[in-house]
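After this come two complexes, each holding chain A, first together with chain B and then together with chain C.
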Partner chain A sequence: MDFFLSYIILAEIYALLALSTNLLVGVTGIFSVSQAAVFGVGAYTCSILTTTADVPFGLAILAAAAVCVVVNVLVALPSLRVSGDYFVVTSFGIQFLCTAIFENWVGITGGSSGLTGIPAPEVFGFHTEEPTHFVLMSSAALAIACVCFHLALHSPFGRLLAAIRQDELAVAAAGQNVLRGKVNAAALAGAFNGVAGGLYGAFLSFIDPYSFDMQGSILLVSMVVVGGVRTMAGSIVGPLFLIGLPQLLAFIDIPSSVAGPVRQLTYGVLLVVFMMFRPGGLVGRRL
Partner chain B sequence: MLFLRLLIDGIVNGCVLGTIALSFTLIYSTTRLFHVAHAGVFTLGAYLVWTFLGLGLPGPVAVVLGALCCMALGAATQQFLYTPLIERRASPLVVMIASLGLLAIIENAIAAIYTPNILLFPPWWGKDIVQLGSVPITYAQLLSLAMGLLAYVFLMGLARFTLLGKRIRAVASNAFLAEIRQLDPKRVTIWVYAIGSLLVCLPSSLIAAEFGLRPYSGLLYLLDASIAMIASGLGSFTGAFFLSILLAVLQNLSLMVLPGQWSIGVTFFLFVFLMLFRPYGLFAHAR
Partner chain C sequence: MSYLNVDSISVKFGGLQALDRCSFSVEAGRITCLVGPNGAGKTTAFNVISGFLVPEGGTVSFRDRAISGLRPQEIVAIGLARTFQNLRMFVDLSVLDNILVALPRPFGNEPLSAIFRPFKTRAVERARVGQAEELLEQVGLGARTHDMVRDLSYGEQKLISIARVLATGADLLLLDEPSSGLDAEALDDTMVLLGKLQAAGKTLLVVEHNTRVVQRIADTVLFLHQGRLLAQGSPDEIVRDPHLTEIYFGGVL
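Take a look at the complex of A and B:
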């Protein structure tokens, strides 16, 4: 039962991340491969605040969300001003820079051995060390994020983002502010990532740089692509499927040293196959 | 002395980086597609050369064979992945995600077949040292210099004096018109990918000889190369090549004040700086 619950909790945390990636990649059409890095910034911020500074979890997770919003907006602003391809370079850059910071700023992040002993939060008197309690908290967070995502998608703001994806020039010609739309999307995505990061650290009570590297970003893009873009269901189906996939792969007898690369290889194959044959994903719309 | 040493290292590294930047500029300026999988082709090149050397082949033969394999992979990527997608009117985002998937496939296949750990690459060009005044220069460095200059002269000559080069320039400036004039942009584009992929095999081996073979490092070099390309205003071979050298010199000189693991930070800082003040490149006029 605990095994199943922890699968659900992880899938819910990744669903939060998939929603944010979906918002950027699927809805707005910005190719971002630094989502795992921003997720990492959230995880480290929240974990450091709760372990070394004894900040209550609620405050720490809000701080993590705020930091992620600032990071996403600050780095996105200059490149989004120019053109889409510049943002590709920026997002690769953020990804590598954040990995370098997580690995090398040993005094704060614990270097490549990571941070251990992150306390499980106590929320409204509930001790969330129990997966049964934690799942309530992560479900609540996902539910709130889903409501935000739904409202954002069906508001004028969401229509603006969809229009930006289809034709930037037309949006600008219609008197809308393209840059502001993109930056707001990046900010909202950052907030989701920050919350997901805080939950991730608190649930596993351990984080290291390797959960937030380039491969992690590829995983997030795969989740969105497999689940399907521009729908909420897609961002929930994708993580459920891809978090479960390693358990399925465990049935195949492969040596443990190549298990990691083989898992990542599967994500790559899924990306290519879905782009070739079903760019909308399982339950998504046309990308 | 340290300054001179770092300066020379910078110029040499710049020639290696410049060759990668040239190949990427060739591809990007013709197709306007951010070919992320190029990093995979780059990584594969060194592993193939390593394999051929292991089979007992002499160094130059191994490099030629490796380069031909890279060439085939590049051409096949265009023929079997990008062309079908573009014919189906897939958005650039879809093509880019497919490219990212291909990168994940190549990198992880390498990690699964060889090993995810660092492998030592034996330098077949020997470890002899030439004294240039008071500064010792290794054969590898001489080879890098020669390779960079040759690649530059080759591409300039190709673009200026050959029929294929003229076709490439035609497709780059307007693919639609090129199609009307029966210049066969599809075949031209395949050649562009083939030549671009051919060029990255030797730089990849040179880098591997210095830092060892690593399956996941390709993107870092592609990032540096694309920053040089953007700084030159997209699409100028001369600009991309010499800015690569400048970038590598700056990275090397930064070692005087910062430890090596932060050089990605230096690069990214330069990129953001560029975005803020000269977003269309150092040499381009405002568009």
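Take a look at the complex of A and C:
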């Protein structure tokens, strides 16, 4: 039961991240491959606040969301000057920069060893050590994020982002502010990342830089591609599928040293196969 | 002072002088056609006026206000909007959405209001949908409101681009080749539409290659050549000038 609930909790946390990545990459067309880095910023912010400063989890996760809003806006800003392939390269750089900070700012992040002993949250006097309790919190967070995602997409804001993705010059010619649209999209995506980061650290009670590296960013893009771009359902199906995959591999009798590479290989193959044969993903819209 | 005044603007692309101290003006309520051979600088002039290109020298003023250096959306907000020769439609959006993007003063255009005030967002949106539908009726696309733009013909997409520029509420409309690529019927409809827009008080500055269209719609013609205003006059004066005809059709000077 705990195994299944742990899977659901992780899938829900990654669904929050997939919603964020979908908003930025799928809806707005800001092709960022540094979303895991922003996720890491959220995880470290929340975990440091709860472990070293004894800040209540509710406040710490709000602070993580606020920090990630700022960081994600800064990450997305280069997309105003450089677009397409150039921004992908820029965001690669941002990802490597953040990973280097996570690994080397030992006094704050714990370096390569990471942070341990992150306390399980207590929300309104409600303890969440057990997955049966934690899943309620992660489900509530995902439900709120889904409502936000739905309202945002089915509003003039969502229409503006879709227009920005298709033709920025035409958006400006229509009298709308492209800069403001991109900043707002990055801010909302950042808030999702911050909440996901806070939940991730609190659930595992341990974080290290390797959860937020380039492979993590590629995994997030894979989730959006496999699940489906520009739909809420795609951002939920993708993580359920790709987080479930290693759990399935665990049932196969292969050495753990092989399981990791096999998992990465599978992600890569899936990404290629979906881009070639089903670019809209399992439940997405056409690219 | 003119309604739109372009004063000595210069633009250089590498070694090519696209506009060379080019000056002209546009009077309110008139249809002014900007003509000239390919490479004369017509679209570059549009890009400068609409804020998409910053000139190396010169100024542009609209209603006695300098607009050089303003961003495109700021220029739209003060009443000057443009279309593009290659249309630049949002092809993955519906016809209605293409118009709604351009309607000013939206509510729910940023995440906080969209998420925390959904009912007001919906209420404002309903009123705006009504406005957009009226504009689509005006250009003759009332029946295509909910179709995806990619499913419409080129001529219909041209009409959407005109509806979108009207949606901005601008009084001065810069139309880049509104008649190109249209069949005879669509061309006729477009010319009728431009006449109606003028009658409704709009001022039009139109880049146009079709001399028959120019003769039919223009009050004033500006003839550009090699980045400068070479001649200005009525359509008949311009068309009957053998020197200009030679440049336009012969491509030599």
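The rule we apply is simple: the second predicted complex is superposed on the first by the 274 of 287 C-alpha atoms of A that agree within 3 Å, B and C clash if a C-alpha of one lies under 4 Å from a C-alpha of the other, contacts with A are read in each partner's own complex, and residues count from 1 in each chain.
In this section, a residue touches a chain if its C-beta (ideal position, glycine included) is under 8 Å from a C-beta of that chain, and two chains touch if they have at least 3 such contacts.
As the structure is a prediction and not an experimental result, all values here were calculated from the model.
Chemist: On the A-aligned overlay, A:127 touches which partner chain: chain B = first, chain C = second, or both, or neither?
Modeler: Neither partner.
Chemist: So, does A:170 touch the first partner chain B, the second partner chain C, both, or neither?
Modeler: In the superposed model, A:170 contacts chain C only, not chain B.
Chemist: Residues of chain A touched by chain B versus by chain C: which partner has the larger set?
Modeler: Partner touching more chain A residues in the overlay: B.
Chemist: Going by the contact rule set out at the top, does A:81 touch chain B (first), chain C (second), both, or neither?
Modeler: first
Chemist: Taking the superposition as given, does A:221 touch the first partner, chain B, the second, chain C, both, or neither?
Modeler: first
Chemist: Looking at the overlay, does A:92 come into contact with chain B only (first), chain C only (second), both, or neither?
Modeler: After superposing on A, A:92 lies in contact with chain B but is clear of chain C.
Chemist: With both complexes overlaid on chain A, does A:152 touch chain B (first), chain C (second), both or neither?
Modeler: A:152 contacts chain C only, not chain B.
Chemist: Touch test for A:104: chain B only (first), chain C only (second), both, or neither?
Modeler: It touches chain B, and chain C stays clear.
Chemist: For chain A, what residues appear in both contact lists, the one with chain B and the one with chain C?
Modeler: After superposing on chain A, no chain A residue contacts both chain B and chain C.
Chemist: Can you list the chain A residues touching chain C in their complex?
Modeler: So the residues of chain A touching chain C come out as 147-148, 151-152, 155-160, 162-163, 166-167, 169-178, 180, 184-185, 187-188.
Chemist: Can you name the residues of chain C that touch chain A in the complex?
Modeler: Against chain A, chain C makes touches at 50, 52, 71-73, 76-77, 81-84, 88-93, 97, 100-102, 104, 106-111, 113-115, 118, 121, 125, 164-165, 167-168.
Chemist: Within the complex, which stretch of chain B touches chain A?
Modeler: Those in contact with chain A are residues 32, 34, 36, 81, 84-85, 90-98, 100-109, 111-112, 115-116, 215-216, 219-220, 223, 226-227, 230, 259, 261-262, 264-265, 267-268, 271-272, 275-276, 279-280.
Chemist: Which of the residues in chain A come into contact with chain B in the complex?
Modeler: 25, 29, 31, 33, 75, 78-79, 81-82, 84-86, 88-90, 92-94, 96-97, 100, 103-104, 214-215, 218, 221-222, 225, 257-258, 260-262, 264-265, 267-272, 275-276, 279, 287
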